[in-house]
Amino acid sequence: MEIFLINLIAATLRVSTPILLAAIGETFSERAGILNLGIEGIMFFGAFIGFIVADKSGSLWFGLLVAILSGVLAGLLMGVLSVSLGVNQHVSGLGITLLLTGLSLFGFRLVYGGRSTPPAIPSFESLKPFGDMPVLGTITDQYLLTYITFLVIVPLAWFIIYRTKYGLHIRAVGENPEAVDAAGVNVYLVRYSVLAIGGGLMAAGGAFLSLAQLGAFTHGIIAGRGWVAIAIVIFGNWSPVKVMGGALIFGGTFALQLRLQAMGLQLPIPYETFLALPYVVTIIALVLAGRNASYPAALLKPYRRE
Amino acid sequence: MDNIEKPRWRLVKTDNPPFWVKPLIPILALIGTFILTSGLILLAEANPFEAYYYFLLAPLQTRVSLLEVLVKSTPLIITGVAVTYAFTSGYYNIGAEGQLYAGAVAATGIGMAMHGIPAIVALPLMLIGGFAAGMAWALIPALLKVKLAVDEVVTTLLMNSIMAYIVSAILNGPWRDPNSGWPQSQEIAPSAVFFKLVPRSRLNFGFVVAVTLILILWIVMTRTSFGLKMRAVGLGKPAAKFAGIKVEKTIFLAALISGGIAGIAGVAEVAGIHFHLIGEISPGYGYTGVIIATLGSLNAFGVGLAAVFFGLVETGAQTLSRALGVPVYLGEVTQATMLLVALGMLLLQRYKFRRM
Amino acid sequence: MNIVEMQRITKIFGELVANDHVDFQLRKGEIHALLGENGAGKTTLMRILYGLYQQTTGDIIIENEKVTIHSPRDAIRNGVGMVTQHFALVHPMTVAENVVLGYTDSFVLDQTAIEKKVGEAAERFGLDIDPKSIVRHLSVGQRQRVEILKALYRNAKVLILDEPTAVLVPQEVDSLFETLNRLRTDGLSVIFISHKLDEVTKITDRVTVLRDGKSIGTVDTVNVTQKQLAAMMVGRDTFGVKRQANVNPENKKILEVENLCALDNKGLPALKNLKLFIRSGEILGIAGVGGNGQKELAEILSGVKLPTSGIIKINDVNLVGKQPSEFSKLGMGRIPEDRHEGVVGDLTVYENLALEHLEEYSKNGFLDKKTIRKNADDLIRNFQIKAKPTDKIRTLSGGNMQKVLLARVLSRQPEVVIAPQPTRGLDVGATEYVRQQLLEQRSRGAAVMLISEDLDEILSISDRIAVIYEGEIVGIINAQDATPEKLGLMMSGALREEA
């Protein structure tokens, strides 16, 4: 039982990482008033670009870097549509998801053809700061990216949003863009910048899956994780630390499912029940949190001066 | 120091665009899309002009492929209509994909039980069952929306993922056809199969259903008080409420109708094309339905037109893939690109050039 | 010395010329009124100076230097600050955060340091405000102080105030004027946008009058009377109010409201045991400063909001708990407070006209288009609406939009008419039309409730006037006993009177 729990904790941290990265990215853009439904596609694109660049260049880190850059570009595209053109955010975000999904599949087929077994690459090695020590060794056996996400990205996101001038602008733009404009801050610039940051983080989340967790790229690699990230942002009330909590809840359910499958238990219910469980839990969490969710007042509203 | 600025052309906002702007938008969007996607064709080492021939013109030249365009457009019409009901009422149902699968599951279940039962009974049962299943799958997000104000975009999306696992569980479990190496169900009864409209083609009764749904959509939106209520709620919730329209009820009904119709798309795919349930009934028709509803400006005939055009794009993508080896996913990229380009163009409608 | 000169400013929106070659000069250390009716172009001119709009043609000169102002940032750099009518404040943030927004030097935000700095600034300018409070919890008067502090904190030498007293009670107005006088002594130049003559003559040194987008002229305040200013403002000599004759006390009480209590959107008490009645053939004016429960009262009487307790009776039938559609059926004529939220902008005029009584215009669920169109044609003619039935309603002017809403309600001869802020934002002609319609309803025998923040309007057409303050009716007086001073005291809660 103890081993089961320790393995579960380790797995939770691992599977939470990509969703947490994406959710922090979404937190940035929603804080400034943009719902980025492109998240699912950007994660997929990040996974694809990361994989193909790493495969062709032989460098996982280079793959990750290019994936992040592609996410930044995708975020800027969302900016053109939702910020400059003021298009409905639901439709433009979904359009970006469909576009990037199509582009990734197109590119993958172009480069690797229609093979029956997907190509694989050696993935990131995990760090083992405590070696094979019991308990601590297992839990800390994680990818560097997981360490960075939990120990750097989340605190940094919190610091930026609540303790910097830029964060003040982000929060204000999401609540009252007119006020920000009247104060002489460029609303468009703030929104474009958060979309770029958010896109980069979402793509990094996708690339984590293809470069660390799987070492491969498959059609089902994201499987709705982007939508889960959006739910988690609401659940976490747009605060990075609470969002981390939400990601851990989802990750925990997902890891539990993985562990149960790995144990090869013969259960009276289909294993898909466990696969679907995290999504069900996310909906329940959303309902519970939704009651006192304080949406950024300007979310979904394009800003026009005249 | 007198500087009277010379008059020059400026972009100004307008409520009444000149009459020639509207028809120009789809044409410009089309051109824009193909300029943008030609880069991908070049990447695939094909000649763009040759590629466009296979992509857009070749499918229109043989009877078989022409009918295939209609076959491909059938589920797109239905999901487009489904999404239109919801979006018109301001309910962002992105769950048509899951609702489609719910309908497909119901159709398979009913269809497998129809042995010995005549088509005149079986077909209506399939349609009703599919509608009910789609509606049931739309129920939870709709209830959460109107009762607890939980954002429907996120819940409908999550419901799609859950449905995918349910289908997988069914196919790997109780319904798995023991004679097949793949997770798929047994075939539905012959009487539950949609009859062919044209012999030696795949065009079937499902297309009739789709066209009927378009006509119904048109009548509901333009001729009924429920249609006017949906439009009023979608376009101005406070005003609709003030005028005494029951806003929550209208949204709830629209959400359920939307789900039910998406369910019928699943019925049409099972009974018209596959004859059994597989995990890949839909390559994302539910999401494409959102694009179609948007491109069709939530107008019945616009939706029909957009869906048939997308059917052409899908058929063409396959022709192109066979002829020149350009990956078939070019179709999806083209559809999404067209949405984004058209959205940008629609905004141009709101501006005009003026010399002043 | 002129600190600001605006020369031949023209601003065109689409077809509308909002400013037509306007000249405007502001001297250092003066309070200068920009006077004009709604839609005269005052706010547009000042939004240009503050960079929220760009002039189509014309020059701006600040301290003898020609400047281009493309954004508020440029304006702030040139020492211009503005307090707009809708305060540009971020509600969930603190006063200090709001004040430093867009005006911080270091990347890292040290909460304690900015609170200290903002607190010091508030003290220096004599503005009583706690930098740590969350803006959401402040009163309107306090929020206005935050806005002024924001401008001063940015070293504004010119302060533009857009109708600053519209949202204040008289006592808050006095405090604002004290502040402005003190700031003027310190050398600040103030532009005071207003259409209220008494305030203009009380606080300003000079007045520039705008009418229909053109400047009518600039005068020294000491040299003009209110009457002269009014003539400049409206272009004709119409001043003073006409009173109504009294209503026969024998007339039946049509609308009776008893012990009405309600909460606002934040769950705070908005109405407290509100009691009133209106007789047939009577206009009851509800006077009060905005935000004292008028909005909630109108919403409840329209059936779109539920009270927590109380009774609303029309001819002895209780309406509480009924659907909005039943309100209409039982004789409640409901005009929405916010026109734009009362019509569906993207639906046509004829559809909007049918929207409130759809069940009458449809058979078996199908719309009876012939009747709908005929009804629309009739109403457009009878109510002189300048629009085609097939026009989308958002393309109509505010006045025509209001006519559509009036037509929808009044054509059915309701027994009660609820008119919240019915002339807000309308031009002179449309305003007169609306008031005339309400008077006609009165002669027809309807019970009319006029909710307005415009005291002149209340005084000119009401038979009785009820004053609402913090959700209570603090007094009901007959129109002939009412004076602006008395009402002002009641509106600020200083005086209670039962008639």
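Some points to look at:
By written order: A, B and C. Residues from 1 in each chain.
The rule is simple: a residue touches a chain if its C-beta (ideal position, glycine included) is under 8 Å from a C-beta of that chain, and two chains touch if they have at least 3 such contacts.
Values in this document were obtained by computation on a predicted structure and should not be read as measured data.
In terms of inter-chain touching, the protein chains here all touch one another pairwise. The greater number of contacting C-beta pairs, out of the two interfaces A-B and A-C, is seen for A-B. Centre-to-centre, using mean CA coordinates, chain A is 45 Å away from chain C. Work out the mean CA point of chain A and of chain B, and you get 27 Å between them. For chain A, the set of residues that touch two or more other chains comprises 306.
Touching two or more other chains at once are residues 13 of chain B. For chain C, the set of residues that touch two or more other chains comprises 13.
Across the interface of their complex, chain B is touched by residues 35, 37, 80-81, 85-88, 90-92, 94-99, 101-103, 105-106, 109-110, 223-224, 227-228, 230-231, 234, 270-273, 275-276, 279-280, 282-283, 286-287, 290-291, 306 of chain A. Only residues 13, 40, 43-44, 92, 94, 140, 144, 148-151, 153-155, 157-162, 164-166, 168-169, 172-173, 284, 287-288, 290-291, 294, 327-333, 335-337, 339-340, 343-344, 346-347 of chain B touch chain A when the two sit together in their complex. Contact residues of chain C toward chain A in the complex are 13, 50, 52-53, 71-76, 82, 84, 86-93, 97-98, 100-104, 106-109, 111, 150. Those residues of chain C that touch chain B in the complex are listed here as 12-14, 56-57, 59, 302-304, 323-325, 327-328, 334, 336, 338, 341-347, 351-352, 354-356, 358-359, 361-362, 365-367, 369, 392, 394-395.
Residues 162-169, 171-172, 175-176, 178-186, 294, 297, 305-306 of chain A are the ones that touch chain C when the two sit in their complex.
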